[in-house]
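Both complexes shown next keep chain A, but they swap its partner, so chain B is in the first and chain C is in the second.
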Partner chain A sequence: MSDTSLLSFVVVVGIFLSLNPSTLAIFSALLAGSLGKGHSKFERHGVAMSFLLILFALYVTLGAALIIALNALSGDALKNVALGIAAIGALWGLIDVKEYYWYGKHHDISIRLAKTLHHRTVKKNDPLSALLLGITTAYAALPSLGVPLLATSTIIALARPYNTNLMLVFGAILVLPLILIFILSMRGLKISSVMKWKEDSKGTFRLCMGLTTILVSWVILLILNGSLGVTS
Partner chain B sequence: MYASIYASCLSIHEPGAAAELIAEKVTKDVERWIADKSEVTANDIRRVAGGHLSEINPHAGYLYLHHRIMW
Partner chain C sequence: MGTALIATSTDIILELSVRAIIGASIALVLLLVIGSAFRRNDKVKQLLFLLVVGIVLCASSVLFATALVHIRQGDTFVITGAHV
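Right after this comes the complex of A and B.
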């Protein structure tokens, strides 16, 4: 896998993982709250930008930290850890695929977290609160995005020499749908349409996320057994 | 309830004056519905208000009923 192939791979994986129902729901609620409070365009920009920037920064920081941590391991230890991550990724992908058929069964977010999200999207809607909401969203999205992020970071970490800048691209792709929703909402798109689209498609989104995680895990295994070389 | 219906209308780009009229109408509809009830839950009120709001503006009604779904 050459540097351009690795970049393309990261972009494609990022596109499929960016359609994460919980992040889409939280951002839609934030925009709806901002409009509902009668904020000016400038204030709405402030709220949305605070949220998007902190979320982007957290994705990039977490991903880069994982890459650096993995590369701190010795060659054999890195291979063993990568093998474990591939196994976890494949299992996690299957759980995500399950969501396509039985969405939301067997788990849900806690009432406390739901209350915090509601408070920071609707009740308190300002740039500072949006920053805190971004941090809470990254935490809330961990169950669905944590393992795929770990698996993607592993592939980047296995490249020789590894390039943490790829995480900037990956992070940007992850927030890209949110940026598009924000631009469209500023141009008059009704947030209820986004919410309906998310509700109608969330099973499919999780299916895509699951299959992508399985694909990433498979690529890790191909790299480990030497079938695929990675350079960046 | 009036404030949340008003906010839902603003969220779908309804002008403030229209949002006020819709919020007043839905509030009155819910008051009429509640008049002969001895006991109602917050969820009953939300469901009925959402139903009335959906009749007037389906987008605002959808937003009112679904904005809490975060998963």
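Right after this comes the complex of A and C.
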């Protein structure tokens, strides 16, 4: 895997993982809350940009920290840890695939988290609140995005020499659908139609995320068994 | 006169991995495409999900085992067959 193919791989994985129903739902609620409050275009820009920037920064920081932490391990330890991550990734992907068949069964977000989200999207809709909402969203999305992010970081960490800048691309791709939704909403797209689209397709989104996580785990295993070499 | 076909463990691992990945990917795509039509039926849904789990676990196990062998042993030579 050359540097270009690694970059392409990160982009493709990012596209499939960016379709995260929970992030889409929270951002749509934030935009709807902003419209409901009667904010001006400038204020809506401020709220959305605060949210998007903090989310992007958190994804990149977390990913880069994981890459650096993995590279701090010795060669053999890194391989063994990567083996464990790949096993967890394959099982985690199956949980996401389960969501395609039985969405939302057996788990739900906590009432406290739901109240916090409601408070920051509808009641308090300002840039500072959006910034805090971004942090809460990253935390709320951790169950669905945590393992794929860890697996992708592992692939980047296994490349010689490793390149943390790839996380910038990955982070940008993860927030890309939200940026598109924001641009389209500023051009007159109804937030209700975004919510309906998300609601109708959330099972398929989770299937894409699950299969992508399984694929990333398989690529880690291919690197570890010597079938695939990675350079960046 | 006879010739022995000697392959490195890397060759075998590569072949096994490629077969596992290609086979599992084709089976998964077929299952998901065909299965999407029967998603409303609960029994079929359970069966489809079990098949998906089986395929993913089988392919992952093959890849996991080959990766473990590669990490633990490095490169070893294996006689894969012989023409006499």
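Here, the second predicted complex is superposed on the first by the 232 of 232 C-alpha atoms of A that agree within 3 Å, B and C clash if a C-alpha of one lies under 4 Å from a C-alpha of the other, contacts with A are read in each partner's own complex, and residues count from 1 in each chain.
The rule we apply is simple: a residue touches a chain if its C-beta (ideal position, glycine included) is under 8 Å from a C-beta of that chain, and two chains touch if they have at least 3 such contacts.
Since the structure is predicted, the reported quantities are computational estimates derived from the model, not experimental observations.
Asker: For the overlay on chain A, clash or fit between chain B and chain C?
Answerer: Aligned through their shared chain, the two binders fit side by side on chain A.
Asker: So, A:Leu35: does it touch chain B (first), chain C (second), both, or neither?
Answerer: In the superposition, A:Leu35 touches chain B alone.
Asker: Touching A:Ala25, do we find chain B (first), chain C (second), both, or neither?
Answerer: A:Ala25 sits against chain B, while chain C stays out of touch.
Asker: Mind telling me which of the two, chain B or chain C, contacts the most residues of chain A?
Answerer: Greater contact footprint in residues on chain A: B.
Asker: After superposition on the shared chain, which partner residues are touched by A:Ser193: those of chain B (first), chain C (second), both, or neither?
Answerer: After superposing on A, A:Ser193 lies in contact with chain B but is clear of chain C.
Asker: Contacts for A:Leu66 in the overlay, against chain B (first) and chain C (second): which applies, first, second, both or neither?
Answerer: Neither partner.
Asker: In the superposed arrangement, which partner chain does A:Ser227 touch: chain B (first), chain C (second), both, or neither?
Answerer: A:Ser227 contacts chain C only, not chain B.
Asker: With both complexes placed on chain A, how many Å separate the closest C-alpha atoms of chain B and chain C?
Answerer: 21
Asker: Where on chain A do chain B and chain C both make contact?
Answerer: none
Asker: Which part of chain C faces chain A closely enough to touch in the complex?
Answerer: Contact set of chain C toward chain A: 10, 13-14, 17-18, 21, 28, 32, 39, 45, 48-49, 52-53, 56-57, 59-60, 63-64, 66-71.
Asker: Which of the residues in chain A end up touching chain C in this complex?
Answerer: Within the complex, chain A contacts chain C at residues 76, 79-80, 83, 86-87, 90, 93-94, 97-98, 101-102, 207, 211, 214, 217-218, 221-222, 224-227.
Asker: Would you tell me which residues of chain B are touching chain A in their complex?
Answerer: The contact residues of chain B facing chain A are 6-8, 10-13, 16, 59-60, 62-63, 66-71.
Asker: Report the residues of chain A in contact with chain B in the complex, numbered from low to high.
Answerer: 21-22, 25-26, 28-29, 31-33, 35-38, 104, 108-109, 114, 117-118, 121-122, 140, 188, 190-193, 195-196, 199
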